[in-house]
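Heads up, there are several structures right after this.
Below, subunit A partners subunit B and then partners subunit C, in two separate complexes.
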Partner chain A sequence: MEGTRSDDNRVNLKQLFLLFPSIVYVVLIFQLALALMLVTAFFRYQFPHIVDQFTLENFQRFFSSSLYLGTLYVTFKIAATTSLLSLLLGYPVAYALARSQSRLERAVLFVAVLISLFLGIIERIYAWVLLLQDTGIVNRLLATLGLGPVRLMYNEVGIIIASTHFLLSYAIFTLMGSIQSVSPSLEEAALGLGASRVRMFMDVTLPLTLPGILSCVLLTFSLGMSAFVIPMLMGGGLVWMLSNMIYDRVVFTGNIPFASAIALILLFVSIVSTQLVTMLVTKKIKVG
Partner chain B sequence: MTLFSCTAITKLQAIVVIVIIIVAGAAGYYLLTPKEKPYITVTTWGENFLDAMKNGVGVPFEQQYGVEVRYALQGSSGEMAAKLIAEKGNPSADVFLGGEQAVVRAALAGIMAPLTEDKVPNLKDIASAAKPELNNTLWYVGVFGLASGWALRTDLIPANLAYNGSWRWFLDPRLKGKFTVHDPTWTDQMSWAAAVYGGDDHNYDPALKFFKDFAPNVKFVFSTDAEATNALSSGEIWGAYEYATVVYGLAQKGVQVQMVYPEDVPTVNGIKSPITFDIDVIGVVKGGKEDLAYKFINYILSPEAQYEYCSRLGNAPVNPKTKPMPPEIAPYLLTGSELERAWRVDLQYYSTIQDKLVERWQTEIAPLIGKG
Partner chain C sequence: MSSRTIDQLSGALVRMVRLGVFLFLMMPLAFVVVMSINPRPELFPPPAITPVWYQSFLSRPDFRGGLFVSVLLGLSVTAAAVTVGTLCAFPLARIRFKGTSLLSAIFLSPLAVPQIASAVALLNFFVFVGVISRRFEVLLIAHTIIALPYVIRVVTGSLIGFDRSLEEASLNLGASTTQTLLRITLPLIKPGLLAGAFFAFQASFSNVTVSAFLASAEVTPLPVVLFSWMRFTFDPSLAAISTLLMTFTTSVIFLLERILGLERLIGVAGGIRSI
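Our next item is the complex of A and B:
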C-alpha cells in the first residue's frame, strides 16, 4: 500500500512536469493578458495617452448608452440564434454520420463537412458576399423567378447565415461523438418494444446525447459571441457586435481603457450565459 | 561476423550518436546557410500599393544599397499605428508609411524618431506643405499627395439620372441605396460633408446633418477600401467617396469608374469649392533599424523614386524636382484650377474628437442608413 501511494505521487509529479510548459504558456499568454485588460478597464483615457487613474467612467459610459446596450443585445441575439441554428442543422447531419451503415455515405458526408474547415474564413465570407449581395447569385436567381430582391447583406440575416455556416462543422463534429457513444442496441431495444422512431429519438437518443448538445451549444455560443470578421465584412457598418466596437476603439480612436471595459463585459456575459445553460442542462441530465 | 551483421549498442552510445548528429546538423546549417542580408521592414497597404512600393522603390533600393526591403501589410494605417504603439521600443516595422492621421497618433504616442536634413538630405527639396511639424518637430514627411472625392460608375447610371456636377445630385431620392460611404474614422469624407452643409474641419455637426439626409441613398458603410472597390466593380453601388489612387487602381483593372469633385461646395477657410486633399506620410519608428530607415526615407523622397512610386499609384509626388507624371494619370491628379481647391483638413483636431464623433455616428446616422 505504501509503495502504491509513493508510485501515485511520482506519477502526479511526472504529470505536473509534463504539463508545466502548457501551464506557463496559458498563465503568461492568457491569464496575464486578462489581468492587464482587467486593470486597464479602470484607467482613464485622455487622447492620446492612457492615464493610470482609477475610474469607473468606462463602465458608466457603456451602461448609460443605448448604443452599447443595444450592441450587447444584438451580439447576444446573433450568437444565440447562430448556436441554435447550428444545433438544429448539425444534429441530423451528425446523426447520419454516426449511424449510417453505408461506408460510402459516411465518407461523402464526412468529407463534405471537413472540407469547409480547410477554407479560410475570409474566403468563405467573400463567397457569401458573392451569393447574398443584391447583385449576387441568390438575388439573380430570385429575379429570374420573378421574386426579390431580398436584402440578405448588411443586416443580421447575412451575419447569421455566414456565422451558422462557419460554426456548423464544429457543431457536427461535437455532436457526432456524443451520438456515437449511445449504443445502437438501446435504440433497437426501444423500437423492438414498440416505440415509434420519434418516440425512440425523444425518449432514448436525445436525453442520452444531452451532454453532446451542451458541448455544442457552449462551443458555438462562445464562438458566436466573439464573432468579429463576419460582422465586419457582412454587417456593412450597420450591424455591429461587441468585438467590432472593441476593434474600433483600439484601432481608430486609441481608447484602450474603454475597449478593455467592453471586452470585460463581453467576457462576463459569455461566462454567465454559458454557466446558466450548463446548470439547466446538467439539472435535466440528473433528473433524467 | 559478416560485414552487415548487427551489433547491439548501449543506450548511452545511441544518445551520443544522436547528439553528434544534431550538433553536426546544426553546425552544417549554420556554416552552409548564407549570412542574412541586412533588411528593413516598411509598412504598406496591399494590392497596387504593395506593387508600387516593391517595384518602384523596394527593388531599386535593394539594388543600390544592398539592403533587403520587407513589407508589413496593413489593412488600415490606424490598425498599424495601434500595433506599433503597443510594440513601443521593440517595433515590428522600421518605417511607418501611412495616412497622416494615423502617423500623427503614433508621433503623439512617442514612437516616432525625428527627421532632420542631416539624416535625410532630400528633405530640403520637399515642399513645406509636405513637412508639417508637430510640437515644433518634424516626425514624418509626406511621401505623396492624393485627392479624395466621389468615384462614380458612370456607365451604370441611367442617362436621366446622370451626374450634374452638383453636390445636391447625391441627395436625389431616385438614387436610393446606390452609394457607400466610409465610416467616420476617415476625416476627408466627414470634412467634405461638413463643408457641404456650411461647416468646416472644426465643426462637424453639419456633416452629421448631411449624412442624416444622405442616409437613404447609402447602402452600407465601409471600413476598408477593398469593400468599396468590390462593391463598385460588382455594380452593387454606383458611387463611393474614395481616394483617387484607389480609383486609379480600379480603373487599371478595367472598371469604368470616374472621379468627380462637385463644384458648388461652399467656400471653406478661403478655399472655393474645396477638394479634400491628403498627404500620406512616412517616418522612422523609434527602436527599429533607424539608420537604415533614414536611408530608405531619403531614397523614397528622391526624384527618381518619387516618379516610379507615384506614377504606379496615380498620386502626386511631393518632390518638385520629379519629372512630370505620365498623361494617363492626369484624371486622378489635381491639375490646373483644381490645385487651388485642394483643402488639407486639421487632422490633429479630428483625432481629439474622433472617439465621440464615432459614437454619434453609430447612434444618430447608422440606424438611418439603408432604410429609405
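Our next item is the complex of A and C:
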C-alpha cells in the first residue's frame, strides 16, 4: 500500500462516523435515560403527575420507613445467601472444568453449565415450581416417606433455590477463568514437595484464586440484589425484594420518581461491585 | 487420620458436590420435559403420554399472539443490533486512539446496569419524550440497546483476529472497497456475525424484565404473557411451551458451538455475561 500517514488518518477519521448509530442507541437514548432517571428521583410525585419541584423526600421516605428498610434487608439477605451458595457449589465444578483430565467429564459439565447460562428465566422458574410447590415432586416424595409437606415456595427458600440455579453458571465461568490463570505447575510443585492435596489447595490454589473468588461473590451478589422475575413468581407476593417494589410503584401508582430512587440504589450497588471487581482484577495482573 | 485419608475423603466430597451440582442444574429441566407429556399432572411418573398440553398451548390466542410478537421483535432486534453493532465494531477494532477502552466501556454499559434499572429508566425516558404509545418501536429500541453489547463484543473479537493483508491483496488486485468488503471482509468474519445474531435474538426473545415494563395489552412478547399467566396459575401447558423454549435454546447453543468452537463460545458467553 502506498498510502501515506495522513491518508491513513483521514481514512481513520472517516471510520469514526461508523460509531454514530451505536452512539445514538447507547449514549443518546440509554445513557440519557439513566441521567433522566437520576434527575427524576429528585422530583416530587403527586398523583397522577410528577411535580416540578426538587426534593430529597423519595430517599428520605426510603431510608426512614421500616417497610422499605425491611425490604432492603430481605433483598440483601437473599442476595448474600445466594452468592455464598453459588461460590461453594460452583468452585468444585469450575475446578473440574479448568483441570479435569477426563474430556468426557469436562464436556458433560460444559454442556450443563452452558445450557443453564442461556436458559430463559420463565422455563427455569416453571421447572422449580413443578419441584417445589406444595403438591410438587419434592413434597410428593416426602409424603411417600411419611414426611412433610414442607413449604418450599412463596418464601425465601424458594427464591434462594431458584436464584442459585440462575447464578451458578455465572459463578462457575468467573471462577473457571481465575483457576485457569493459575499455572498447574505450581500445584504440581506443591504435590512434588510432599504436600497433601488438601494442603496444596489451601496453600496454593485458594490464595491465588482469591481475586476470582471475590469477583464471583460480588458479581452474583449484585445480580441477586436486582433479581426481579424470580422473587415475583417464587415469592408469590409474600416475599418482597426491591425490584418487586419498583414494579409495584410503577404499575399500580405510577410513582416513577420513587421507583427511580429505588432503582438508583440498585444501580449504586451494581456500580460499586463492578468497580471493586475491576480494582481486584487489575491488582491481580500487577501481582501475577 | 493420615493426610492420605483426608485427601481421599475430601476428593470424594468434591466429586459428590460436582455430581450434585450437575443434577441440580439439569434435573429440574428433565422434569419439565416429562410433565409436558404427562396426561395427569397429579401423577408421577406419567401413566401415559399425551400431546394435549402442546395442543392447548397452540390453541390459546394470547400465547399465539405473544409468540408472533416475540418472533417479529426478535428478528427486528437481530437485524438492527447486527447492523449497528458491526458498523461500530470496525473503528473499535481497527483504530488505535486514546479513549478506545473508554468507548468500549460505554458501548458495553447496557450489560453492566441491572435490567430493572434499565427498565425504569427507559420507561421514564419514552414517557418523557412522548413516544410510549408506540409500543413495538419502543420495545425494539430497548431490546436493541440490550443486544448491542453482545454483537459489538463478538464482532470486534472477529475483526481483531483478522489478517488485513487479505484486504490489501484484494485492493491491490483492483477490487473496489465495496467489493473487498462484500467478498473478503464480511465472509471472513461470518462466524462472528452469525454468533452475534444468535446472541442478539436470544437476548430479545428471552427478555422479561425490560419487556414487562414497556409492553402493553396490545403488544405483549411471549415471555411477558407467560410471566403474567404464571402469577395466577401454573397450568401444564406452560410445561409444553417451556419444553419448546428449552429445545430452542439448546439447539442455539449447539449451533454456536459448531460456529465458534467450544473454547471461544465459553470465552464469549462467560466474558460477556460477567461484565
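As a convention for this text, the second predicted complex is superposed on the first by the 237 of 288 C-alpha atoms of A that agree within 3 Å, B and C clash if a C-alpha of one lies under 4 Å from a C-alpha of the other, contacts with A are read in each partner's own complex, and residues count from 1 in each chain.
FYI, a residue touches a chain if its C-beta (ideal position, glycine included) is under 8 Å from a C-beta of that chain, and two chains touch if they have at least 3 such contacts.
This is a predicted model, so every value here is computed, not measured.
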Original post:
After the match on subunit A, would you call subunit B and subunit C a fit or a clash?
Top reply: clash
Original post:
Any idea whether subunit B or subunit C touches more of subunit A?
Top reply: C
**OP:** Report for A:G212: first if it touches subunit B alone, second if subunit C alone, otherwise both or neither.
**Re:** neither
**OP:** Name the contact category of A:G158: first (subunit B only), second (subunit C only), both, or neither.
**Re:** neither
Original post:
Should A:Q133 be classified as contacting the first partner (subunit B), the second (subunit C), both, or neither?
Top reply: both
Original post:
Does the superposition put A:A33 against subunit B (first), subunit C (second), both, or neither?
Top reply: second
Original post:
Just subunit B (first), just subunit C (second), both, or neither: which does A:V198 touch?
Top reply: second
**OP:** Answer with first, second, both or neither: which of subunit B and subunit C does A:G177 touch in the superposed model?
**Re:** second
**OP:** State whether A:A96 touches subunit B only (first), subunit C only (second), both chains, or neither.
**Re:** second
**OP:** Mind working out whether A:V250 is in touch with subunit B, subunit C, both or neither, as first, second, both or neither?
**Re:** both
Original post:
For A:M232, is the partner it touches subunit B (first), subunit C (second), both, or none of the two (neither)?
Top reply: both
Original post:
Looking at subunit A, which of its residues have contacts with both subunit B and subunit C?
Top reply: 126, 129, 133, 135, 232-233, 250
Subject >> Partner subunit C, residues of subunit A touching it in the complex >> reply: 1, 12, 15-16, 18-19, 21-22, 25-27, 29-34, 36-37, 40, 89-90, 92-93, 95-96, 108-131, 133, 135, 137, 140, 165, 168-170, 173-174, 176-177, 196-199, 215, 219, 222-223, 225-226, 228-229, 232-233, 243, 246-247, 250, 256, 259-260, 263-264, 266-267, 270-271, 274
Original post:
In their shared complex, at which residues does subunit A touch subunit B?
Top reply: 45, 47-49, 65-67, 126, 129, 133-135, 151, 153-154, 232-233, 236-238, 240, 248-255, 258
Subject >> subunit C to subunit A touching residues, read off their complex >> reply: 3-4, 6-7, 10-11, 14, 17-18, 20-22, 24-26, 28-29, 31-32, 35, 42, 44, 83-85, 87-88, 90-92, 94-95, 97, 103, 106-107, 109-110, 112-118, 120-125, 127-128, 141, 144-145, 148, 152, 168, 171-172, 202, 205-206, 208-209, 212-213, 223, 226-227, 230-231, 234, 238-239, 242, 245-246, 249-250, 252-253, 262, 265-266, 269-270, 273-275
Original post:
Across the complex, what residues on subunit B touch subunit A?
Top reply: 76, 78-79, 81-82, 85, 105, 108-109, 177, 183, 185, 219-223, 227, 230-231, 234-236, 351-352, 354-355, 358-359, 362-363, 366, 369-370
